[in-house]
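Look at the two complexes coming up: chain A is in both, with chain B in one and chain C in the other.
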Partner chain A sequence: MRCAVFKNMVLQSLKNCLWLSCVLRTPKACFWSTASGGLIIQSVSNDVYQNLAVEDWIHDHMDLEKQQVLFLWRNSPAVVIGRHQNPWQECNLRLLRQKNIKLARRRSGGGTVYHDLGNVNLTFFTTRKKYERMENLKLVVKALKALRPQLDVHVTDRYDILLDRQYKISGTAAKLGRTSAYHHCTLLCNADKFVLSSVLKSPFKGLKSNATPSVPALVKNLFEEDPSLTSEMLLDAIAKEYAVQHQIDHHITLINPADETLLPGISDKTNELQTWEWVYGKTPKFSVSTCLNMVYKDSILDVKVNMDVKHGRIEVCNIDLPEQWLPPGLYSELVKSLTGSKFCPNETTTLVTTLLRVCPQDDELHTRWSLLCENIIRLM
Partner chain B sequence: MLFSGSSKKIISKFYSFELLEVCIHRVRSCSSIRFIKSKYVCVFDKSALKFSHQQRLFRTSAVSCGQIVQFKLSDIGEGITEVTVKEWYIKEGDTVSQFDSICEVQSDKASVTITSRYDGVIRKLHYSIDDIAFVGKPLVDIEIDASKGVASEEDVVETPPMSHEEHTHQEIKGHKTLATPAVRRLAMENNIKLSEVVGTGKDNRILKEDILNYLAKQTGAILPPSPKAEIAPPQRKAEAVPAAPKDKARKIPVPVSRPIAFAGKDKTEPVTGFQKAMVKTMSAALKIPHFGYSDEIDLTQLVQLREELKPLAEIRGVKLSFMPFFIKAASLGLLQYPILNASLDENCQNVTYKASHNIGVAMDTEQGLIVPNVKNVQVCSVFDIAVELNRLQSLGSAGQLGTSDLTGGTFTLSNIGTIGGTYAKPVILPPEVAIGALGKIQALPRFNSKGEVFKAQIMNVSWSADHRIIDGATMARFSNLWKSYLENPASMLLDLK
Partner chain C sequence: MFSCSSTLWESGTPADWSMGMGNCTLARCPLSGASGSQGLAYTNSKKLVVNSSSVFTVRYFRTTAVHRDDVVTVNTPAFAESVTEGDVRWEKAVGDTVAEDEVVCEIETDKTSVQVPAPAAGVIEALLVPDGGKVEGGTPLFKLRKTGAAPAKAKPAAAPPPPAAPEPVAAPAPPPAAAPIPTTMPPVPPVSTQPIDSKPVSAVKPAAAPAAAPPGEAVPTKGARSEHRVKMNRMRQRIAQRLKEAQNTCAMLTTFNEIDMSNIREMRAVHKDTFLKKHNLKLGFMSAFVKAAAFALQDQPVVNAVIDDTTKEIVYRDYVDISVAVATPRGLVVPVVRNVENMNFADIERAIYELGEKARKNELAIEDMDGGTFTISNGGVFGSLFGTPIINPPQSAILGMHAIFDRPVAVGGKIEVRPMMFVALTYDHRLIDGREAVTFLRKIKAAVEDPRVLLLDL
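Up next, the complex of A and B:
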């Protein structure tokens, strides 16, 4: 909703609140120039959903004509997939669940990244007309070089930043709306490379999809190049360079993404980003074609499974079982239940355990059923 | 640059004339206009300059039926000429308003939301998902109302030919009123003076919502909303468990009303997922002839005992609620009345007495009701049960319960009292034969053996059992035994195995 009165009100309260709560990042007098051509803000939260919601909020509500915005943020461990990607294809969901790493889908395009506190995120907000990714990345490189002149960093034409000509330290994505746009990128300072490589490897086989694939790259932390570097230093250096280029004060204003008065409607945005319908349901249509190798009573059963998944729900389901392995009635119940339900282990577990209640209480049958269902659930 | 300021204005008029589709002012700003420039430069020749009268004439003779306009994909920037269509937000036949989102396209790590320039009905989508779309080529065909043609004429009459930007300005009484042609038409149709409407858009532009609000105030009627208007749903709150001594660590969501449009249309959805599971279970449960039996338990002593034991459990890293006591007491009772831990086969020919006491605990999650069970309670201590409950509860709230946790139950307890209520009529979960629903613990006055009134912690229990194999007397005796263990927890010590 674009409402000039509303926006002015919000910006005014933003200015008021921030002025009161601003934390000095530079040894300068604390004042905020309202006539500036730019604004640098940093999130106090490490919650990936809250931070993504701030991006949405700025994109939807702020007038970027007079003032461009640089948003600095970091997240606790999370995997962030692009708008049109397939989480099953991009990461190891089981590992994510085990390690309690969050999964988020952002609104911009591009590939999958792993965030933790050793990774800094930068978002450049401009009007649609002023959308210019190369300039932003050059700014980042300039800032890095100013901080550590010996760093061999440069921008590729794929909008990556490479260290030593071979290691990727930054990936880029962008979102364009009707009048505003944003370009955000990551920057690896001291992220956990071990976790990064293990969660971004999907064990999924037999997945066919037109979702945007990620391009895997060799990564390196800036910390490995120069152990004296910290995320804080990087954020500061980039803010400084942004301030110089936009001719504004090198002043970083902290914002709290949970503040509803400052950012009205932000909690709705945060909640939406966490719904199953957004994170999983927005996956482009894909099909699963795989073979379950089930070990049953000293023999291995090959069970072919084919599923079409649309909006995260199973549209079509085919399980190729040996005849009479399960009573036909039960088999058709299984297929009927799975069709239309979420391609999600939790939902499938509930469904299959319920079905077990209403079938004959036979141990042999239960064993077979559990074996089959557990294998199917493992796919999700 | 081919197109200077004044030409731009002329072109904008052309644009609002609905002949041209490409966003012309993009051409001005785009540094690499090679593609577009070559295509359109020929259009803007000198003949374009002498049109104001011609234009009016043309408008007067506008078509009387809906005019189909080809909405072309506008320039993305950075010299991009092709994008991939990733998602459609509309389908053929949908009505769209200006600025509604039409589709999402992707190009080289950038996701772009394409919004509509017109009000109208979508008549044709030129691409399917995953197709490559070209900048400057038609994206969708939109049918615009005939009346728009009429409105545009009005615009020409009212507005001086000079001042054109993307939106038409209006100079009335010295006020500049910004409004798009669509909004003007709406105002005109409803005999509203734009000068009287408060604009809430950018630069005080008057939006369609403003006209509708103005109308609503005038007529006091509730108007049908624009496609995007919705009442924001009340926030889903995870309520903390009430301060009653039953200390459950579960979050209980407040029932949320779904967003309802003003028009109050019925909404039909297929039954899927958890609901499907419930339908199956309950339909099967219906076949069991239920009978109920209820009673009141004085938990005063148990409340005290739990208070003493809670810190001990916490030291061991476990949250101790009342459930472990209820579950253990039930298991002790089942040892005496094993028929309640049995299962009747489909033909009601055989009763199977289950050796394990796998006591299920009904759990309310965000998605719905699930019943994980604690296995082999007959060999577990109260503390063991507490540990297992903690594990099941955390898995349950994370949505990560496994099949083994959810199968094999033989008897169920449902602690509906954490939400509220006293007496209930629980439904047996097949293939079990009995279930108990526990109400909330309330402080109530009761008489003791001396005839004095004292404050008692009272909880109600409601049992349901399968009347085909269980009779009232058995249920009553089991309940009494269970009750005696809980009213006098020390007596549990005698029978603990």
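Up next, the complex of A and C:
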């Protein structure tokens, strides 16, 4: 719904919000009065879903003709995959779960990145006509150079920012809507490189997919180049440069992504981004073709598994077991139950334990069943 | 508001645009690519026949504007900057009804995601590029059969694959009126029962259609007598089958009792803060019941045993593994707390909490959900007063907890109002006698009403 009437309603409600005068960092009556071309906002939340929801909200609701928006945000540890990527292919899901690192799928294209508080995110909102990624990145580089003139940073034609000509410190992604667009990028200040490299390495073998692949790159933190740098300093420098270029006051408006009165509909957007259907279900169709090497009674069983997964659900399932290893009825029950169910550990565990409860109590059978199913679940 | 998108191109003809599309924003749209030349290019190329549903739309220029039910081909918008090609990702499938402006597909070009909305309301007739296929600006993407259909119905049309069809939320009878444990365990796994239609553009539209409306059918008006069928979930079928088998083999009956929850409540009130401080866990009611059950099971080992129908033996178990029934949208799930006979209240709360955490993190293992010698189910969370749980095969008994209600009861000859909970024990009479069942339940009652019974082993 992009009609002007609705936009005006939103602007009006924003104007009327009392918080505006409370949270402005510099004493100004209302940010609209200085709205001549630009607005800089920063999220008070570190929740990746809330922040992505803010991007959606601005993209859908704000009128960017009169002013462009720069959104500054940071997240607690999270892996963010591109709109059309495959999480199984891009990261180590098991490790993510163990380390309690969130997984989010953003709405823009591009590759997978790791966020933590040592990484700064910038989103440049403009109308579709004024969409210009190179300009935005040059602004960032200019800001960095103004802050620390000795930094060797430059923008590549792949829209990366490189440090010392070889280390990637920023990656870019964008989304073009009908009338508005946004370009966002990361900036590594002091992220945990060790965690980054371990979570972004997928142990998955035998996965075939036409999902957008990520291009791995050597990364470095700006902090390593200059230990006096902090994320706050970077944010401030970039905001300053943005203010200069858009001829607006250098002040940053803080927003709370949980504020439903300020951003009506934001909690729905936040919730949607967390659903399984969005994070996993939006994976382009892929196939798994692998061999389980199961150790059973001092011998190794090679079990070929082939699955087609669409919308995150198993469409086709083939498990190549030695004949009679499992009672045929139970085996076909397993395959039939897996078909159509989510390619998800919890879901499969529930399914196989339920099936186990409904079959005859036999220790040998039990052991074989558990062994096979555990191996299958480990794939997910 | 917008009769045609500024990013799209219809392969109609120049005549159409001047006629019917007066308020079209084509004039100032960023895609120049001369409209006229696009039309002309078609007359020269073989694409002529492919792009139109019939030869007539080419020869007789006026027809497409007049007919309401025409087919239009939507092409790839020109890309921004100097990008030449992108990958197509379909959001909709052939046969889906779409509203005007609803996103049909997204094109990923060089880290940028571009949405391609439908130029008008209609039904997707054909997808001209496979998912993930490469396209360039101007490549035909899909064919849309325009209809005058209202947009609201389009939402449920994007139905997820059949097995995931909207599942009835409230299960009518059966699996032991199970519910989340009153402490910390969340349902496993979190699944929405409604098809999620996640399009940023349509998310802003006022949603009118009920989520369960079948695709393409008229939204039922008041007093309509239509019905719709939903395929029964596989798991549900299996469980139902097994439950019936259990009912047929076990001689199931239920004995009841009631528990005065005052002491347990008081214990909680007095100790919950210290408990939280020391163990970093909330002290709930479940631990009291789980421990009481373990205590009673050790006292009456036959309730912890099971009949092996194949060998006609009674299998007595020296360990107590308690399954705690949890209702999830996917069906009944029974995570197991193992070796409860060796645990104290804190251990039990921790075990339950950890299971909940595993569930939340999607890390549940088979051994977390497998086995169990006795089940506890809590219908109280749903507010049930009284009820007969059904045994969870292959066990021999199940304890059903219900809601706590203040009731007047006789205490020491006087009427007092106490928080009371009805409990039910359904047991297999082939194995367990009435006397044993009643004694067992009374033991649980005694242990919950006064936890000192556990300490003193009374």
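Here is the rule we use: the second predicted complex is superposed on the first by the 357 of 380 C-alpha atoms of A that agree within 3 Å, B and C clash if a C-alpha of one lies under 4 Å from a C-alpha of the other, contacts with A are read in each partner's own complex, and residues count from 1 in each chain.
Assume contacts are C-beta pairs under 8 Å (C-beta built on N, C-alpha and C of every residue); 3 or more make two chains touch, one makes a residue touch a chain.
Nothing here was measured: the structure is a model prediction, and the numbers come from that model.
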Superposed partners chain B and chain C on chain A - clash or fit: clash
Which superposed partner A:D302 touches (first chain B, second chain C, both, neither): neither
First (chain B), second (chain C), both or neither touched by A:S108: both
First (chain B), second (chain C), both or neither touched by A:K310: second
Chain B versus chain C as contact partner of A:A173, first or second or both or neither: both
Contacts of A:C373 with chain B and chain C, given as first, second, both or neither: both
First (chain B), second (chain C), both or neither touched by A:D56: second
Contacts of A:S337 with chain B and chain C, given as first, second, both or neither: both
Partner chain in contact with A:V358 - chain B first, chain C second, else both or neither: both
Partner chain(s) touched by A:D268 [first = chain B, second = chain C, both, neither]: both
Stretch in clash, chain B with chain C, out of 116-124, 170-178 or 188-196: 116-124
Intersection of the chain A residues that touch chain B with those that touch chain C: 1-3, 82-84, 97, 107-111, 128-129, 131, 133, 159, 172-178, 210, 212, 268, 282, 284-285, 313, 337, 340-342, 345-347, 349-358, 360-361, 366, 370, 373-374, 377
Of all residues in chain C, those that touch chain A in their complex: 1, 5-7, 30, 80-81, 87, 89, 101, 106, 108-115, 117, 131-132, 160-164, 188-192, 196, 198, 200-201, 203-206, 234-235, 238-239, 241-242, 308, 310, 328, 330-334, 359, 361-370, 392-394
Contact footprint of chain A on chain B as seen in their complex: 29, 76-78, 86-87, 99, 104, 106-113, 115, 129-130, 199-205, 207, 209, 232, 235-236, 270, 272-274, 276-278, 280-281, 284, 343, 345-346, 352, 367-368, 370, 398-404, 406-407, 429-431
Chain A - residues contacting chain C, complex: 1-3, 56, 59-61, 82-84, 97-98, 100, 107-111, 128-129, 131, 133, 159, 172-179, 210-212, 265, 268-269, 272, 275-278, 281-282, 284-285, 310-311, 313, 315, 333, 336-337, 339-342, 344-347, 349-358, 360-361, 366, 370, 373-374, 377
Complex interface listing, chain A residues touching chain B: 1-7, 63, 82-84, 97, 107-111, 128-129, 131-133, 159, 172-178, 183, 210, 212, 267-268, 271, 282, 284-285, 313, 337, 340-342, 345-347, 349-358, 360-361, 366, 370, 373-374, 377
